[in-house]
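Scrolling down, you'll hit the structures one after another.
Next come two complexes built around chain A: one with chain B, the other with chain C.
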Partner chain A sequence: MSKNKVVGKSAVRVDGLDKVTGAARYVDDLDFGPGLLHAVVVTSPHAHARIVKIDTAAAEKMPGVVRVVTGKQCPYKFGLYMQDRFIFPQDRVRFVGEQVAAVIAESPEAALRAAKCVEVDYAPLPAVLSLDDALKKNAVVIHPDLGNYERVPWFFPRAGTNIAHWRKTRKGNVDQAFDEADYILEDTYTVPRYAHCPLETHAVTGLFDLAGRLTLWASSQSPYAQRGVMAVALKPFGLSHQDIRIITPYVGGGFGGKAGVSMEIIGAVLAIAMKGRPVKLHWTREQEFMNTSQRQGVVARIKMGVKKNGKIVALDHTLHWDAGASAEYGANVVNAVGLSATGPYSIPNVKIDSVCVYTNMPPCGAYRGFGYSEFHFGLESHITRIAQALGIDPVKMRTLNAIREGDTLAYGAKMNPGDLCKAIDRVAKEIGWGKKEKAAKAHKAIGKSLACFWKAPAMPPNASSAAYLKFNEDGSMNLAVSGMEIGQGFLTVMAQVASEVLSVPVNKIRVETPDTDRNAYEWQTVGSHVTWSCGNAVRSAAEEVKTKLIATVARAKKMKVADLYLAAECVKSRKDAAFALPFRDFVIDGIMRPDGRYVGGPIHGTGMFMPEFTSALGDPETSQGGHPNVHYTVGAAGLVLEVDKETGKLTVLKVALAVDVGQVINPDLVKGQVVGGILQGLATAMYEDIRFAADGRLLNPNFTDYKIPTTLDCPLEIVPIMLETPQPDGPFGARGVGEHTMIAAAPNIADAIADAVDVRLKTMPLTAEKVALAMRGIEYEDVKGDNLGFCFRGRPCDYCFDVGGAS
Partner chain B sequence: MSIACEFDYAKAVSLKDALRLLARRVSGGAVPLAGGTDLVAWLRDGTAAPGRLVDIKGIKALCGIRLKAGQLWMGANTPFADIVESPLVRKHAPILVEAAGMAASVGVRNRATIAGNICSAVPCCDSGPALLVYGARIHVATSRGTKTIPAKRWFIGPRQTALPKGGIVTGISIPIAKHAGAFAKLKRYRGEDLAQASVAVRVDPSGNWQVAYGSVAPTPIRGPQVERVLKGVKKPDAALVKKAAALAETEVAPITDIRSSAVYRRMMVGVMLSRAIPLAVRRVSGRGPAYGINVLEEEAS
Partner chain C sequence: MKDISICLNGEVRQIAVAPNETLLDVLRNRLGIKTPKEGCGRGDCGACTILLDGKAVRSCLILAIEVHGQSITTLEGVGANGLTALQKAFVKNNVFQCGFCASGVILAASALLAENPQPTESEVREALAGNLCRCTGYEPIVETVLAVAKQAARQPAASRRTRS
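The block that comes next holds the complex of A and B.
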């Protein structure tokens, strides 16, 4: 059916051999010679305290120490969407683990020893460690200068409170719709914080060379965004974009945690302090947990009104997010959810309040799913419960309400193409929906579930991509883009897009990781948007190359442009079957004409893409009027779960996931996204269980007590189903797929537990312990002890959504 | 990974050499280093700051698994992986094989020693319950001579043992007798984990039962009440197993921490026992699965 030769086929990963042979190099592998300096940061033991005095004298005298840097040397803030994060805090620390100083030394050990000798006097302040404390009347205000912070125009912070942003979406008449509804269910769901847990912890090596150029080798998803943020924050040092260069070698996992800027800016200022010598800063696993970004915790109140037939008529969805000490990135997660918390359903009357709240907890930011996993947990659980209450099949209820192309979204724009109903059908069939299965052993029970998901990239309206594509003498090519290979297969997919247009095989197109001096611009590798956005730029660059190839041949050989086409790395003619001029014969040196003169020259092309149809300027009170999202990718996932009725242990027997990707570019890579996403989703659902002490200390910043699944914990069977309803503005019809595959996992598990053993869990994670306790009628809240897993005090059902002093 | 504390490192060539190196005064004290899987982590996070590490890995007298005076003897340097693989241990102390196979991960088991495990003496120590049901003896050498300490008197408190100051564990011995048993471990997932709770059960052909628990008290502990109620019963029926499980829940003293609530630990001790007892009965009569399974996941109550 498809005319495509490369797109839609499983090309071998271009980075695969490097990675499996160990040839791939990461920041920590780069050799800077014996002159390399090592930095270790001094961190705050307090969640909230005034910095009275920092005495570095003893540390400076330690052997091997070169310099100690504190906030005195760089009193500057930074942030991607709002400048509320400090390179080094000035007057106060805002979370346990925040950097207050850094020691630079000749060896990591010398730096570590000296860091212990930096004396910091703190005057502890009352710490805001829960949403309740942050929002109460006369709450301690964590950012007294909030009203003066630079920010993007679509954030609405409340000066004098702990509210960093409040996204309101209003559609239809919710009150009237609830009056007319046949059934209303209202309940509270909670999702704690999570950590990204990349294999490679954050690392940066900075060199401020003698010519005054700052080069950073960073483990990052966003080299250009980093350069942009740093150019703003480091302006006082006399630096501008042209003075800053970010080089990103291979990255060992991102999941959103390496988007934007976190510790890299510390590396930058330490390098500036040590002109002429490279300085390396490499986070420990503990620091990776505590001082990069976490996924925000959320407590969500859902009130949903439906008709007897299951048609949803009204949704009132209120979400309070624990953003931690900084919301420079996290507030955009809150924003994204505030626009999309209807889930993939067509609901005529909608009220969403998504509120971003500062606390004295570690800062939060982007995490695969960007808030969607969090709100789908409650929303999808809620729909299943309503269906059951009405005696309707939960799958049929989803199909009845499924969003379709052209439907009006909560903020007024129209829904893009995507076949959710087909996804639901395919998954329901695959898991044998409706057929109750009996467990092989008496102490086990089997449950099934099906949940839907959607997600759009959350990006500024002018987020854009560019590509530069050039030929080499042998007909091979270099493709210079700045999307980041974070395991998803980006480099391979870009090579496939160029290959499809030009007929140059994928293995002859060299796509390397970014260098902001050399590679074309990319906003960030986030939001599952690079295949779509950068793919468009690459396609456009390839089309330019194609035009030049044909024009050159036409001119040199006096042939008609319209007769020429590309195939098998040659320019061929429709009029003359024998004519085939290989690219390698002319792409650099041109074509000699009979008189000895040459035509042509080095052939290259550039492409760019910006979604010119988007706008973030909706009405602040209703979100109506803008077009903030480029497109949603929709899908459904279902699973078969075995529950041990005595231990609560969960075994996922099978997962099926259907996602409408528009056009599959590489089936193996999409399958990789499906398997990886499901595993990550199941990890958050069943295993990852973050714990904080009552003073705000993270108690499990390690894999001893923060569990991510091993191969032994994988589902026994995963069935990826790829649907292809083309996205008209995507490369070959493709749209994003990456984050989406983890979104349904939590409600899938919650619903399957309910189906198997009739226990409804509304507080993540859904551990074996919680299942076993619930089956014996024990409230987990009563027995969990005094460490905080959650972002609020007390029981979820008692959480008060009144914003009190902040209203 | 950087270690901030400074220490001397000395590799002992003999037991005598090791005792001498441990006895020599040094600020911060001297500690033996075998597998290092606990010690190096403690050095890194600062919970240990010894002045000298005495590497005992090269001492031949502390290596190997053999039969000695009618006992199964395992040298202090024996890593968990060797216990899992050893035909001798599988024959004479199979419950320990089952426990060793559940300890940590493959990589850690290749390095971590059983003696190190009982010297670290954390409440969740995987070898503890198995050694308790076997009535194992810990062989200790000091500069004044050698002695043996029964496993039940070895564990004094969390990270506290009966090891005399300056002493060193040379090996562990287990009496040889016909028996069967099982080890069950509650973990948060199937991967490498510290026990949320564990249970070891041993029974001989006459129906004498030994039961021990991990992670439900300051140290691994025996279960005397359960042992008494099972005493002499070769094949406990369902009602007796249920009674034993209920007793188990009351004779343990777990705490609530980030790994589990106390109440879940209690409940699961009962469940583990009710799965381990029937398995031990099957095994003692020559039926049942080979040792080395995940008893909690694969067996039914």
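The block that comes next holds the complex of A and C.
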């Protein structure tokens, strides 16, 4: 039994009251008074065009307009991992919806009216709207200067091509293993682009004050990373880190879309253009879809070799990603998959090529799951198909190949603790695996499936966290961290970690949203890593506070440090049961000694954490030698699906998901991640269906046509199962869980459809339409038309990437 | 501009509005009422839900000029005399995550319970189907609304007080 008092219990969220009363403020809720200016951007109607001329004269004369800004005033690039994104494009636009200018006016209406009067003269260029076009010989090159772009050392762009990055992982001898395999299956799976759809669209208000200091109030998952990126990009304006302050109030959902920097830097340069007056830029829902980041589309070719008993001996996994016009963040998704596309299986011979390809589509970036949802669709579907071909139980095949602690990963490092086999067992039991169920009605059929998942945070080796913790006179505390509360319950979890160490109740620890001037450093709130990383920093800060509390009492009362401990907000003594000095009696004002002098003073603590064991510097040709990932969280999910054989309608009757979180810190919050993540995953599998016109225009940038689930689209039953194999370097043994819960959903649905009606879908999304067509023997590829969810034409089996393909 | 008079969270307010101003914009930008959120601006998401004469409506689809003489309740008004049973339960059950949908969900659920104190699960789902939430998967929202309704059935007097 755990001896934890707070960790492992469902503490009430520290932001709960703020959110049900409406006290919670988001960027657009902040008031800046009558001096506030409003900006609207002018966007490109072309996927690829040369900018011949921008005429702002008419717009500048419009009533209420104070300034029009174009790339002329701001010829700078930016990017988190590679500087390939333009604040305002210079010579050419690279996707439909790209900002070419911005109008700043006294009201949003005036800005909008004037934006329509900015005249941009374009000379259209051939647009690269498919991976085939991007990779063919003599392809139109979208970033001619790629070779000169600043980037991190673990990216390998190919100058003169559209390849932004190519991650290669090689282990064992794949060719020989295929020769020796009893059965080989090779096939191609495709996953389109997806949109994050946070309820709150991106917003930023910037103030470049009269003293030359830039403050941004941003809807962001990454205040410190934003400051860092801006300090680099805006250096020509004379700005450094000390001149930039990012304040992030509550954020209305992130899902990766508010990681890094996107439109915020436009807000920054508009503020700089209007010294002394705040400027607000607030994306419309349409812009949220088109010009932040999307999830990359991918074509994944999988060749897997197995022995008769189901043991996987070889995997050749080639993924070509549609990164869009900018890969400054997306290339790291590609990188993460290039290292981990074995899935949670121990495979002795591995060849992975994960290739990031520029296209003239909207830029892509981080999205909950960071590439893992995308590759698990093909990989897990593939394993089920192989098991069925060999006459092996697909669940048993997974257990046979499941990765275990200490196994050698594809890039040579060792696997961390985590009980995948237990997760598989628990899920199999929960969904009644092996028991065929009959639908109540003749026109319906029921199918079952089970898929495994894993994911590691994708982060630079020196991504770190810090925490400041201080007492107030009444014994309450403030915890100043810069992980972002994007809904997952981060603030509450951090309060629980501090509470566990110090015995101060969670509801007496106020955890504030970030302000880069006041809160401690945090790299970013991404990768499901802040509970682990920032949790370690908070624990270390709390331990420092604990040491000071005890030392102060020991000194003032002439007691032994070893005899003192903390309980119920008091320093107590193991030697004297009657002794209990409440924190509130001394944490600010100290302890009075008999002679009237005081001992102590305001007590506070700081903590930090950096995973010093990681390194991104593996061999570029094999990825061997580095230690790029801190740890993986593993798990399994299964579902019971009802398929209407006439309409193709899919009803999820039950989902069970087991995830090894190391240590549950707050069961309600983990459950929240499981239930919410499952629905988001199911949405990508069954409902969300992004469509682009043949000229690269996004056709459904709204919730009428891009359908995210409502209360009526939920599984009938969800069973979250939390396993706890401790993570040795995690706070109280915890590791991340936020993204993992949506990863298995797509292969779960694909396999359950196959089980129910014997139809194998290999192209997401797995809509009712596709199922109904397939059941009538009609190939979706024949009837899909020109408006696609990703930039592919033709049939997946015809995709040929020989030019840019694996070498 | 035209003068309108509304009863906003129990107080009579007069304001001159332009014929093309949405109720959402007037509430947020001119009356300082920030709990209705703009998530889409076209009636898809429900984040701007308010109560108009007790009925849950989307304030982004209504012109301010249309609501002269009507009564408007926003989240600011719901908890003005202490948290309602619904709000308390939403906090206790750790229901909301990012919270951006919370105002709309609470108002839609309040309107449902006022009209139908003992809804079935499908009635709750139907009533909240216009309020998108990307975080929670809806289960905790639906469960909590049903639990509050059940609790109110056991304590009818108390429920009447908190549901005013």
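Convention: the second predicted complex is superposed on the first by the 803 of 807 C-alpha atoms of A that agree within 3 Å, B and C clash if a C-alpha of one lies under 4 Å from a C-alpha of the other, contacts with A are read in each partner's own complex, and residues count from 1 in each chain.
The criterion applied here is as follows: contacts are C-beta pairs under 8 Å (C-beta built on N, C-alpha and C of every residue); 3 or more make two chains touch, one makes a residue touch a chain.
These figures come from a predicted structure and were not determined experimentally.
Asker: Label the relationship between chain B and chain C on chain A in the superposed model as either fit or clash.
Answerer: Verdict on chain A: chain B and chain C fit.
Asker: Between chain B and chain C, pick out the one touching the greater number of residues of chain A.
Answerer: Larger number of chain A residues touched: C.
Asker: Considering only touches as defined above, state whether A:L112 meets chain B (first), chain C (second), both or neither.
Answerer: A:L112 sits against chain B, while chain C stays out of touch.
Asker: Output check: A:D29 vs chain B and chain C. Expected answer is one of first, second, both, neither. What do you get?
Answerer: second
Asker: After the superposition on A, what does A:T710 contact: first (chain B), second (chain C), both or neither?
Answerer: A:T710: touches chain B and chain C.
Asker: Using the touch definition from the top, say if A:F255 reaches chain B (first), chain C (second), both or neither.
Answerer: second
Asker: Put down the vertex angle at chain A formed with chain B and chain C, C-alpha centres only, nearest 10°.
Answerer: 40
Asker: A:E405 in the overlay: touching chain B, chain C, both, or neither? Say first, second, both or neither.
Answerer: neither
Asker: Please work out whether A:L669 is in contact with chain B alone, chain C alone, both, or neither, and reply first, second, both or neither.
Answerer: second
Asker: Applying the document's definition of touch, where does A:D517 land relative to chain B and chain C: first, second, both, or neither?
Answerer: neither
Asker: Closest Cα approach between chain B and chain C after superposing, in Å?
Answerer: Minimum C-alpha separation, chain B to chain C: 5 Å.
Asker: Can you give me the overlap between the chain B contact set and the chain C contact set on chain A?
Answerer: Comparing the two interfaces on chain A, one with chain B and one with chain C, the shared residues are 284, 704, 709-710, 712.
Asker: Going by the contact rule set out above, which residues of chain C touch chain A in the complex?
Answerer: For chain C paired with chain A, touching residues are 28, 32, 34-35, 37-42, 44-45, 47, 74-76, 79, 83, 87, 90-94, 96-103, 106, 124-126, 128-142.
Asker: Along chain B, where are the residues that touch chain A in the complex?
Answerer: Touch list, chain B to chain A: 1-4, 186, 188-194, 256-264, 267-268, 271, 296-297, 300-301.
Asker: If we count contacts the way the header does, which residues on chain A are in touch with chain C in the complex?
Answerer: Those residues of chain A that touch chain C are 10, 12-13, 15-22, 24-26, 28-29, 31, 196-201, 250-255, 284-285, 486-489, 666, 668-669, 672, 675-680, 702-704, 708-712, 714, 718.
Asker: Inside the complex, what are the residues of chain A that reach chain B?
Answerer: Against chain B, the touching part of chain A is residues 40, 108-109, 111-113, 116, 284, 441-443, 644, 646-647, 649, 686-687, 689, 691, 699-700, 704-705, 707, 709-710, 712-713, 767-769, 772-773, 776, 778, 780, 783-785, 787.
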